[in-house]
Every structure is written in C-alpha cells, then in structure tokens.
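Chain lettering (A, B and C) follows the sequence in which the chains are written, and residue indices restart at 1 in each chain.
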Amino acid sequence: MRPLTLRRLLWTCGSLAVLLLASVVLALKLGAVPISVTDLLLDLGRIAIGRANELPTEYRLIVFDLRLPRILLGILVGAALSVAGASFQALLRNPLADPYVLGVSSGAALGSILALLIAPGFALVTPLGAFLGAIATIAGVYFLGRREGQLDSATLLLGGIISASFFSAIIMFLLTTLSGRDLRGMVFWLMGDLSTPVSAGTQWIFTVGLVAGIGAIYSTSADLNLLLTGEREAIHLGVDVTRVKLVVYVSASLLTALAVSASGAIGYVGLLVPHAVRLIFGSDYRLLIPASALCGAIAIVLADTLARTIVPPTELPVGAMTAMAGAPVFIYLLRRGLR
Amino acid sequence: MSFLILCDGAFPAQTSGAHTALPAGRELTDEAGRKIRIPQEVDRVVSLAPNLTEIVFALGDGDHLAGDTDYCDYPAEAMQKPHVGGPVNPNLEVVVSLMPDLVLATSMNRRETVNALAHIGLPVYYVSLPHSVEEMIASMEHLGSALGVEKSAALLAEDLRGRLADLDRRLAGAAPRRVLFVVWTDPLISVGRDTFIADALRRAGGRSVVDTKAEWPHVSLEEIVRLQPEVLVFASAHAGSTQQDIDTLRTRPGWRDLEAIRHGNIVVVSDAINRPAPRMVDAIERLARALHLEAFASRTAPFSGGGTGFSLWGSVSAGTKPHRLKPVPPSSADSNPVTSTPRIEEACACAR
Amino acid sequence: MSAPDTFAQTAGGREDRAHREQGVRLNVEQASYAYSPSEQSAPTFTLGATSFQAREREIVAILGPNASGKSTLLRLITGTIAPLSGRVELDGEETSRLDVRMRAQRIAVVHQESPIVYPALAGDFVLQGRFPYGRALRFANPEDIEIARNALAQVGAEHLSKRTIGELSGGEKQRVILARALAQQPRLILLDEPTLHLDIGAQVELLERLRQLAKENRYTVVVVTHELGLAAEFADQVVLLQHGRCLRVGPPATVYQKELLEQVFDAPLDVELGPAGRPRVNLRARRGEDIT
C-alpha cells in the first residue's frame, strides 16, 4: 500500500510549481518581439528590487503590460478549466466529462452574451451571466443524463453535445443582432482567446473566485475519491453526498464561468489535463486537484505561447491550439472506454 | 527605415525611454468621442485597417506610416510596411514595438483591441464606419487634421466632391437602375440602406433592391428572384476568382432564374467599393459608366430595359486588365472608362 | 464533528456493546415504507410492517423473489430512508437519525459489484473504509493502514493489495469490497445480493467467511438474497418477503415450508430437512422431470 501522504503531495505540487515558473519565463521570453533570457532575468531582478521605472518604456509595455497579464490570465483560466474538468469527471463518474464537452462552456458563453445584451456597461455582468448559464446547463445536462435514476454515460455526453449545439445556435442568432464591430470581438472570444487584457480589478476578482472555487472543491477531495466508486457506496462510507455534490457543482460552474468570461470557450483543457495528471500521479483527488490546477496553468501558458508565435505576427486563438491537441485525446479516451 | 531594427534580435533596450514623455501634445476627439492626446507632430502611425492605410497614403502621409496589417494591399508601398497581423487579431506586441505616436483603428477591429492599446497608454484614433460617401470624405478630413495634413486633406476632399458633383450632373436625367449588390454568394449577403455601399450605388445611378435596416443582411434567393434586379454588382475578389464564381452561378438553381444572370447584366467593380477610402470614388465613377453607358457616351445608345443591347463592362481593381462579361461593340469615342489611369494617383498628385 | 468526539463516541459504543453482550443489536419493529411518485398520488410500492431482531454474531437472510421489497428493507436498515411507521434501531439508536459519518462507523454495506471508473489499487480501495474516522483531507495514519491490512488479511486477500481493482476476478473483487467494509469496523454488515456474480465455489467460500467473521468480530450480518439454498445453509434467521409483505420470520427450519416457498417463488419445490437440522431445497420441474 502506498497511500498519499502530505509529504508526497507537497513535493509533487512544489515540483509542478517550479515547472510553471519555468514556463512563465519561457512565455515571457518568446513572442513577436524576441527578448533574451538574460535581459529578462535582469529586469525581473530590477523589478524585484523596486527599480521598475528604470526599464525602457516599450520594453516594459511589451513584457510587463502585454505578455505578463496575458500569462497570468492564462494561468487562471488553465487552472480553473482543469479543476472544473476533474470535478465534473468525479461527479458524473465519467472520464470524458469536461466543461466544453458537457456544454457548460457554451452555456456560460450564452449566459454572458445574454447578460451583455440585457445589461451592458455593468462591470461584472459577464462573469455573473456566465455563472448562471453554467449552473443552468450543468443542471440540465445532469437531468438529461439520468436514466432510471442512474447517470448514463452515453446519454450524458449526448445531452452535453446537444446542449452545446443548441446554445451555439442561440448564440449565432444573438450574434446577428450585434453590429459588425461587436460581432468580430464576440466571434474571436467564442473561439477561446487570451489576447484581450482584462483590467486589474477584473483580474483580482478572477483570482479571488479561482482561489475560492478551487479551495471549496479541494475541501471535498477526499469525498470525491469515494464518489468515484459510486454514489451509494459513498453514502455508506460516510460521505454527505448531497452537500458534496452541491458544493462541487456550484464551484465547478463558477470556475467554468470565470474561465469563459475571461477567455471564451477554450476547449478540452478540462479533459486533457486531469487525464494526463491521472496517468502520471494516480487518481487520488487530494493530489489530482492541485496537480491539475498547476498542470492546466502550464498547459495554457505553453499553448498560448505557441498560439502567439506559430505564425508571426498573426496571433491564433489559444482555443484552436487546445482543440487541436484535445480532440484526438478525446477520441482515444472514448475508444478506450468503448472497448 | 530605421525602425525596422526593432523587429529582429533582442529588444534594443536603450533606444527609447523619453519616447512617451510627451513634451508638447495636443488633445483631440476621435469619431467614437474618445479624447486622446498625441504629440504636436505625429511621426509614427500604425494603421489597423486597409482603408485607413489607403487614406494615409492618399493624404500623402505614407512616409509616416510605421506599420499596417497583412491585408493592406493598396497602394503597393503599403505592402512593404511592417505588418502587425490581421485587423481582427493584430499582434499588440508588434504594434507596441513600432513605437507609434498614433494608432488608427476602425470598426473592422475588435473593440477589445482598441481598449487594450488604450489601456497600455497608446493613443488610438477611432474612425467609425461611414454610412455614406460624404461621411467617408468628412471623416478623411478629420483624420487629416489628426495627422497634421489638413491642407492635403482639404484638397483631396474638394477633388472628390467635385468629381461626385460632376457625376450627379451627368446622371441627372437617368432613371436609377435596380441593382443587387452581392457582398457574398454563399450565403447571399447584400447591403442595407444605411451602408456606404448603398450610398455609393445611389451615387453611381443605381438603387439597391434590398432595402433593410440591417447593414449586411442575409437575403433569401427566392426574394431576389421575386424582385428581379436589373443588374447584379459584384466586387472583384482578391484572387481574381470572381469570373469563375459568376460562371458557376449561371448553372445554379435560383440564380439562373434571374433575368440579370440570363442576360449577362453583371458588373464587376473594383473591390475599392468595399473600402471606405478615396479610391472608392473611382469605383463609383466606373460603376456609373457601367450602369449608365448612355450618360457618358458622346453618341448616346438607347437603353432598352429588356436586355438586348444592354451591355456592361466589368473592371477589376485599378490597373489590372478588365474583363468583359458580354461582348459589345465599343461605343465610347471620348474615353475608354475601363482602361483609364487609376484616379487615385491623380488625386494624390493634386493633393501634393 | 471533531475527531476527539468521534473517538469518545466509538469508545462509548464499545462499552455499550460490552453491556449488551447477549442483547438485541438490530431491532426492526413494525417498520413500513411507501414509495410515491409525488406527494398527492397513491404509492406505487409499499412495504408492509416488518419486524425482526438480530443479535451480534447472527446472520439474517432477507429472502424473497424480485420486487418483494428486499431492497427497501435493506435501505430502511441502513438508515438511508426513514420508516413511514415503526422503527429501525441499532443498539437502541434509530439508524435514519444517525449522521452520515456516525452511520458509516457502525454500518457497512456491500453492494452488488459497481463499476470502477478509474483504476485504483486494492489497498487504497480498502483504505477508503477508514474514511468515516478521518479528518478533513483524511490522509491515512499508520493505524488506518494497519487496520486496512488486517481487513485484507481477514478475507485472505493480503496478496492483492498492490493489484488494481480492474484486473481482479469477480471473487477477488468481492473479497476486496468486503475487506473495505471490515475496515469500517462496523457493528452491522449488510450485503446486497453478494453472490450474484460469483460461481458456486466462491459463493460458499464467501458465506463461510462471513459466518467466521461474524463469530470472531461479533458482527451482525444481514444478507439480502434470493438464493434459497445458500440462505438455508448459512442463515440463523430468515425474513421472507413477498409483494412488499413480510410473510414469515424465523430460523430456516420453520420458514422453509414446501407450500409457502412454492407459492412465494412460484415454482414447484421439494423441501427436506438435512442432518444438521437445516432444510434443503430442490427445484422440481413441472412436468415431473427431475432437474436436480
């Protein structure tokens, strides 16, 4: 028996954090305007000792006003989507669950567009609308996926796909009411994009929401381990299933909503990352949740760096990158599950 | 072009610093009503849309253009400028690295892009999408003053307005042709009444059969078959595939039921008509000649609305070989409308 | 509830157990239940008043054909549903009123095998039985690991601890699931059709093991089954259900009556008394051909 210990948990997360830092430095270095690592480290040092104003303006603008916020946003989005994916996988007992596949991302997108149309100009309207959309979708998909009181994997996925395309249709309809300018922004956003910097205030709200959401899910991680072996079993092993499900559904929807309102529908991260983490570190949620958060952050930071640099100077939406990597893995998992 | 060094190698950290410390600036309001502050002399401009690039060149300010987009293909010099990516997804890092005093944006760009550039402290001048040719000219004058080239802007505007007035006089007696402007064939997208293209059609003696409030309406082909426009107007595609497209349309159900298709009453105009920039007036003049040959010919050929004898010339963008959709005897003695030198060059010349 | 609390309650429970050495542990008294699709509509299934008692070390078989109310009675005993009338008590406490963790410390339930979504090591799986005793994140302490190891040993599955659940055979898997139930250190073990996916050898092995565990660890064991033969061989008491009614409660010898069983299971049966005083049931083909 090799049960998870606090030491192994901290050691694993520590190593992943170092990896994340390395990817952040790499992402800061790479881009349409190349920067040498030495300069970068020197300047990070300068900032660390509070002499940021000695930096040349354009340089500071590019690295610290354009790249860094984008990387930080990528970290938030990657962590949020991965943890949401891992949570949905436990709740629905389905390794194919992911906010994108389940239609939750589309629901959040529809929610935020509706919110924008109904109450434009109100600061937090997008995340709020996204949150309501995400909650409503997961409730609907859960309802669709139930057959004779049991969650049926195929029906669930079908429900998710149907919801996603239904919402996409409504989104398309709503988009026709937008002017050309807003339309372009929306379409780009729907593809999953990090190029739009968010204001410092929004970034703070996202950070707080992320920490709260992941924290709430993490507090139930031992319960999720048992939920995975079955709801009935979990009840008989002392899990307050109703409470755990409520906490995790709300938190995972919150995380999805934050990610979607910040960056649109970036797909497959919630599927790909927890799966990879499970292969490497095992499926104990006490390790899986923090490891997925860190790996998700690394994945998005690297994917976005690739999206920024693959065809310079044009920037691709990061959603295209993740879908390119994620869809084949999804099919692989599906085939493996069918066998 | 010394600024090009910014695009390769490590970022030259020492070349800048005083750059954004504006010694003496001026404040102005763009067309979105945003107040921006720019230096007295605008030295380095980055354009985020092809029509803005064209305007900058037409105003004779091309030398100050530090960068433009991948789609800026006119004039030829525009293609030599450093590109910042597409209008929808420009690379903000490249924009910043070009150290612009002023960034020009329009409705083709995303709001987010404009906000992002403004957020990091670059002055962005926003040009709204004009709803008429006159609005385009006025907006160009306004932009001229932002760039500090008010005089050439005024001259160019005067020239354009003069040409349009001339056109109005020539077309005074002619009944407007009922036209379908095809923005896109699959799905069929045309123009609404409040667009600059609809206005351009009116200026050229045409009237769009589509009359919607929506700017770029998806129209059902059935409705077009019912409306039976006299003439179909296409803007030439970049790859020159317009002729092929039209040939395909002739065989397709719905389209082949259109009188205009059957009789070959099709005009292909320069894609300049799609771009709210001075060159658009050239396209309007050509379209007017194609729609109302009789108004331009010295010996006026009688127009019979049925189709026999009604013939049209199409022209691709300025400078390329025109193609004829239906052979007709050249009837014009004074000038060949199609092969005339691009007017934009003249406009530029007189502006200087 | 905090951990010291839990400990105190458990210790108290042990004392309690010592006092009631010979007393009744599980007391089902006139318990009934009704399922309705909604509050207004008539119930679609009812379980009539059912009563029986079980002491420690006793094995009770709940016997009946499909849709006789076995699962409902099982859920009443586990406390996941509360009886409409009557009561279900474990050591004097109503099971449906216990909080989830407390219940899991006293009652272990072994279900028909359920699909395992992600691969888990058998050892880790058994450790899940320690969940109701743990704190927030429930990192296993050495005591938990020792208990889990013992539980595996008790079902003779120590060698399986490093294998993943997915690669185990039906019988091995059933033993690991039972080990998890033992790791809960319960007073009452409930098994729902435990022999469903097992061959006859594994069935006998499982039930012999249960009898031995009940004796050694003073468990009370309740087995829900429709296997007449096995119940007759291993149960101390049989609760016979049909159409949601409790027909008979008692030792197999008194419950197994030819006419009664034939009527309940709608099959021609032969019942004879074996040498140990336990009845034997044989299926007799309707047209006089002897299948056995």
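Side notes on the structure shown:
Here is the rule we go by: a residue touches a chain if its C-beta (ideal position, glycine included) is under 8 Å from a C-beta of that chain, and two chains touch if they have at least 3 such contacts.
Since the model is a prediction, treat every value here as computed from it, not as a measurement.
With centres computed from Cα atoms alone, the innermost chain of the structure is A.
Chain pairs A-C and A-B differ in how many C-beta pairs are in contact, and the one with more is A-B. Note: centroid distance chain B to chain C, computed from Cα atoms, is 81 Å. Distance between chain A and chain C, defined via averaged C-alpha coordinates, is recorded as 43 Å. Averaged C-alpha coordinates put the centre of chain A at 41 Å from the centre of chain B. Counting partners per residue, chain C has no residue that reaches two or more other chains.
Considering their complex, residues 31-36, 39, 55-59, 61-62, 65-67, 176, 179-182, 184-185, 188-189, 195-197, 199, 308, 312-317 of chain A touch chain B.
Note for the complex: chain C touches chain A at residues 78, 80, 100-101, 103-105, 107-109, 111, 114-121, 123-125, 127-129, 131-132, 134, 136-140, 145, 148-149, 161-162, 180, 184. Interface residues of chain A facing chain C in the complex, by the touch rule stated above, are 1-6, 93-95, 219, 221-222, 225-226, 228-230, 232-233, 235-240, 278, 283-284, 286. Against chain A, in their complex, chain B makes its touches with residues 6-11, 13-17, 19-20, 70, 83-86, 88-94, 96-97, 99, 107-113, 115-116, 119-121, 129, 215-216, 218.
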